[in-house]
Each structure stands twice: as structure tokens, then as C-alpha cells.
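Chain naming follows the written order as A, B, C and D, and within any one chain the residues start at number 1.
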Amino acid sequence: MIEAMRWMLWREIALAMRRKTEVLTTLFFFIIVVSLFPLGVGPEKETLSQIAPGVLWVAALLASMLSLNRLYAEDYLDGTLEQFLLGAQPLALLVFSKILAHWLLTGLPLVLMSPVLGMQLGLDVDSILLMALTLLIGTPALSLIGSVGAGLTLGVRGGGVLLALLVLPLYIPVLIFGSGAVDAARTGVGADAHLSILGAISVLAALLAPWASAAALRISLD
Amino acid sequence: MLKAAGLECMRGDRILFSNVKLELDAGELLHVKGLNGSGKTSLIRMLCGLVMPNAGEIFWGGESISDLKEDYLANLLYIGHHLGVKAELTGLENLKINAALGGHPISEDQAWDALEKIGLRGREDLPAKVLSQGQKRRVALARMLVTKAKLWILDEPFTALDVDAVKMLEGVLNDHLHQGGMVILTTHQAYTPPKTTVKYLQLGEAT
Amino acid sequence: MWNSASDFFAMGGYAFYVWGSYGVVFLFFAMEIALVIRRKRTILQRIARIARMNRE
Amino acid sequence: MQIFTKAFWLQLSSPKVFYPVAGKLAPWFAIAAAILFVIGLYVGFFVAPPDYQQKDSYRIMFIHVPLAWMAMFVYIVMCGYAAIGLIWKTRLSTMMASALAPTGAMLTFLGLWTGALWGKPTWGAYWVWDARLTSFLILLFLYMGYMALENAIDDPQRASRASALLGLVGIVNIPIIYFSVKWWNTLHQGMSVSTSGISMEPSMKIAMFTLAFAVWFYTIAIALTRVRSIILERERHAAWVVDLAKAGGR
């Protein structure tokens, strides 16, 4: 069981390394979206740092959602996805390692890049660190929930926009507690309540999403 | 060993086929015949558990495959139209990953031998995207040399294969059947059937 | 309660809001009823037409 | 009682049997809805006294609250049908789910519409980021997602199973979304739209509950009629449908 999951993780990372541009496009999308806001809202430091957590989180949401179809789309086309369904391993575990790989390739880079963008938006140091922490705890939930949407819209025409319509409403709790944590810390209320709830959402997603994604894949490949 | 009765398949809201019956035991080959669109591929995928039958049940060793799930799949090897070969990965990597996911990981040497035997000498470690369609199919077929699965389900296995590849594949099928394995296949090309018992299943009107 | 019809429709000065809400609600209800009935009629006619075509 | 035997429900779950049953039931629910609407509106406009603060604009509450309740209730019923259809593979229940979706979405939209028109005179703005109103906006997105997914997939079986699974995911998320929006609302000291500001006379409660049942019966009547069209569309090749159409059936 664990062997197969390790193989799956190795496979995903090897594939991504052979097509580095794909990983970087998600990251650059994140950077571009965040950089648009000062141009739109104006460069004043107060307004920017006020909206910074929300901006960073919305950009992280959009970036991780855009990279979701890479999860299953190619494997669906070349028949490897079928082989996973026919593998002797429980599909939910294979899907879990696939989502883990997706998070390592898209979620983690966002977390590592967020301090730089935080500075760009005039956040103070401990807000920047807290921001990175909320992203670290929250982005796994984005990949997990998104994977269910990706499974459902596999091979469906207009899948991209449809995926956004399905998945973004489900991202809202993560957005609220993620950006809310930084605001709460800044106003002195303290962010540990937000962080624990964000962690709870990620754990709940980690338990339910692989099973739901496996069911979605079986439905799509029927 | 494998038994199915009353199988019905619905695609969209059309019934492709209904109350299909089949039985297969060790050492037997089942050749599913039928025009394109008669539901051959759907039946094949149904036997793999990929497609849910509208009616009827499939049994493996007396137990329904929907209850057995992974235990049934551990005994199953399926090669479909889509070969399941990743273009960016080399033949070796593809073979090792598929074997690991099939529940029987193989060593590097076993992978090299299998690819060599299947006729890919010298191309074992090239990314699959540089291989020809026939060579890609050989990478997929190489899984037959390393699998421990008893039931092989092959959808058009002979397509894009040259003459000696077809002969080699027939040999592999023969050995598998003689060791008590089972094969279900669909094909439009002529092939010399193995010396063991061969059953035929006609879907839709005869050609 | 209301001493005249015009007083009722004025709704204490909130006519626009109250009748705006109730009006739209029942307008949508009426539209949905019409759509649902039309949908059933068209599907029945289409099936009948196909059946007639198959017969010829 | 025959109604409690498993066979009764199993047999009823076949579209062929359910089609005429739905045809007989729908008119009764429609009539009941009409009667309840008349009673509810009469009580709401002619019996309930004006509110000392909001005077007559609060009467919008009599339709806004039932719409909001029913929008949520219909979503839960819809996902219940979807779950039954997914687990027991009865085609009729997934058809019932897709029959409920458009009406549920409409109720949610109307709930938001009436909420906005009620908000303007009372709190000075058409849109208030109140916890409940925001949750209903998200509920509308969930409905749209459900219907969009169902229309995007051609094969009706896969479409109903995929949207059923989406419904299940939605059900799990509804409490989380509502909880997080409520938390978000309190953190930002947002406005809170609540009926608690109004001293609830018994006549007001009667009006609201009558209208709630009216909306519910209306939804059942519409869903039963729509499910009949869906049955016809999905079973158009079946013999009984062709005969029914040829006979110009109702």
C-alpha cells in the first residue's frame, strides 16, 4: 500500500520535473495577480497592507484552482488514470498521494513566495510570517477540495470555468479563516482560533476528499 | 472462475446490449466479436469493473466483483485502446510504476528483461514520446511479462503491431493460457488462436 | 386596517419595496409554471412526431 | 398498510409507475399552495398590525423568510434525493433531484431579492453583508454549480451521478460555510439582519408559516410536473412513452 503511494508520489514529481514550465506558470500567475492590485488600488502603503491578506489569499485560491485540471486531465487522456482505477490499491489512497504531490508542486511554492509578495504589499514582518503559516495550513484544503471538482468535471467541455463555479464556493471557509487570521492578529484578537479552525478544515478535507475524488473518478470513467 | 449473467449496458439512454451471459475458466480464451458500436468495449470495461452494469452481475470465483473490489483487481490486467503509457516517462519507468500499482513491484532487472523480451532492446530507457505507436504498444504489452494477474482483458491488442510482434504476442498468450491463465480479447485482425479451448461471444448482429 | 384601496396600495409609503418584492416573487412563480407546462407539452409533441416518423 | 411495505416504495421508484402518480398528485399540491397563498397574504396584509418601528415595510418579511427557509430546505431535500439515487442507484430519485434544482435556485434568488428590497428601507442599503444573506448568496452559487455540472455532461446517467456527488459535497459544506460566514460577520462587526427587532405578534407568525407551507406545496407541485418531463425525456425510447405520446397523453 505505502509502496504504491510512494511510487505515485515519485511519478507525479518526476513528471512535473520533466515539464518544469507547468509548475512555474502557477507560481507566476500567483505573483502577477497579486502585483495587479497595487496597480489597481493605488500604491499607498496603508490601503495595500490593509487588503494584503485578502489579496494574497484570493490569488492563492485562483492559482491553486487553475492548476487543478493538471491533476487528472492528462492521465485521463493517455489511459493511465484507468490503470489507477484497476490497480490493486484502494483508489482513495492513490488519489491522496496524487493530491499530496499536487500540493507540493503548487501549494508549497505559494507559501514560500508569499513573504516576498507580503513585503511588496507593505505587510509588517510578523503578519508576513503569519500569512505564510495560514497558507501552509490552508492550501492543502484547496488541493483536496479542488481534486473533487477536478474529478467531477473530467473530460467535460467547458471544464475550466465549470470547475471554478463548482470549487470556489467550497473554498470560501478557507478564504475566510485564512485571511481572517492575519486581520485578527493585527487587531490584537489573536489568530490561534482561526489557525485551529483552518487546520480542522484541512484535516476534514484530508479525510473526506480522497474518498469523494475516488468516487468522482469512478463516475467520470463509467 | 469468471461468470456473468443477464448483463445489460445503457449508454446515454440507448441499450447497447442486454442479458449477455458468459463463463470462463482456467486456460480458456474468450474472443468477443461484434461490429464497432455494438458495445464490445463497454462489455470489456464492465468486466473490469470500470462500467457499472445496468442489470446483471459478474462473479469471480463465486463472489460478485463489486464486493471483491481490490481482490478481484489484483488478479486482473487490462490493456485498452488508451495504452496507459506516460509520454514523458521512459519505458522502464512506465513498466515499474504499472507493476507497483498492480500490487507486484518489480526490480530494475526484471523491467529490463521484460522490455528486451518484448522487442524494445536499446530503447528501454528512452522517453515514450520518441517511440513509435507500435513500440509504445509494446511497452504496454510488456506488462504481461511481469504481471501475476490470472485474468487478462485486452482490447484490440494486435493493432499497430508488425508481423513478428503479433507472433510474439500469440506466444505470450499461449504460455499464459497453458499456465492456467485466462484471456478475454477483442480484435478485428486475423490471428492464430492458441491450442487451448477458445470461446466466442457475439454482440449485436454477426458480421 | 386600511381605510381605502389607495391607502392599501401606498403601503405606508413603502409601496415600491413591498409591491416590488411580492410582484417579482409571483411574476417568477407564474413564469416557472408556464415554462414547466410548456416543457412537458413540447417533449410530448416531439416524441409523438418521432413515433409518427418511425411508423412511415 | 400497503404504504409501509418495501415493495410499495420499490415499485413506486420505477419511472413508469411514478409518472401517472405524479400527474395525479401535482394538481392537488397546486391547489393547496394557491389556497395557502391566499390565506397567508390575507393574514399578512389585513390582519397583522403595522410594526411600530418599520411600519408597513416589514410585511416583506412574510414572503422573505419562507423563501429563505424553503431555499435551504429544498437544497437539503434535493441532496437527499441525490444521495438515495447515488447509493441505491434508483434513477427516479436523481431525476427528482434535478427536478428540484431550478425551483430551489429560483427560491434562493427571490429570497435575496426580497431581502434586498426589505433591507433598503430598513437598514438603508440594498445589500448588507449579513451572515444569513451572504450564506444564501453562496447557496445560490451551489445551486448554479449543481445545474451547470448536470447540463455540461451529455450522458444523463453520468450527469445525474456526478451532480448527486456534488450535492453530497455541498451538504457537508453548508454548515461549514454558514459557520464561517457567521464568524466572519462577527469579526468585522457587520450588520445583522434579524427578525428579532420586530415584536412577533401571533398573526405575523401565522402569516409566515402559512406562506412557508404555500411555498413548499408550490415547490412540490412544480417539481412533480417537471420530473414528469424529465422522465419523458430520459425514457423517450421506452415503449410506454411512445404509446403515451401517440395517444396524445397528458
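The rule is simple: a residue touches a chain if its C-beta (ideal position, glycine included) is under 8 Å from a C-beta of that chain, and two chains touch if they have at least 3 such contacts.
No experiment lies behind these values; they were computed from the predicted model shown.
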item: Chain separated most widely from subunit D, comparing mean CA positions; value: B
item: Centre-to-centre distance between subunit C and subunit A (centres being mean Cα positions), rounded to whole Å; value: 43
item: Where subunit C and subunit D are represented by their mean Cα positions, the distance between them in whole Å; value: 16
item: For subunit B paired with subunit C, centre-to-centre distance based on mean C-alpha positions, whole Å; value: 57
item: Inter-chain centre distance, subunit A versus subunit B - centres from mean C-alpha coordinates, in Å; value: 37
item: In subunit A, residues with contacts to at least two other chains; value: 222
item: Subunit B, residues touching no fewer than two other chains; value: 52
item: Residue list for subunit C, restricted to those that touch at least two other chains; value: none
item: Touch relationships between chains, expressed as pairs; value: A-B, A-D, B-D, C-D
item: Interface residues, subunit A side, partner subunit B - complex; value: 3-4, 7-8, 11, 14-15, 18-19, 75, 77-80, 82-90, 94, 218, 221-222
item: Complex interface listing, subunit B residues touching subunit A; value: 48-52, 70, 73-74, 76, 78, 80-89, 93, 96-98, 100-103, 105, 127
item: List of subunit C residues in touch with subunit D within their complex; value: 1-2, 8, 11-14, 17-18, 20-22, 24-25, 28-29, 32-33, 36-37, 39-40, 43-48, 50-52
item: Subunit D - residues contacting subunit C, complex; value: 41, 45-47, 49-50, 55-57, 59-60, 63-64, 67, 102-103, 106, 109-110, 113-114, 117-118, 120-121, 218, 222, 225-226, 228-229, 232-233, 236, 241-242, 244-246, 248-249
item: Contact set on subunit D toward subunit A in their complex; value: 138, 141-142, 144-145, 148-149, 152-153, 157-158, 161-162, 165-166, 168-170, 172-173, 176-177, 179-181, 183-184, 187
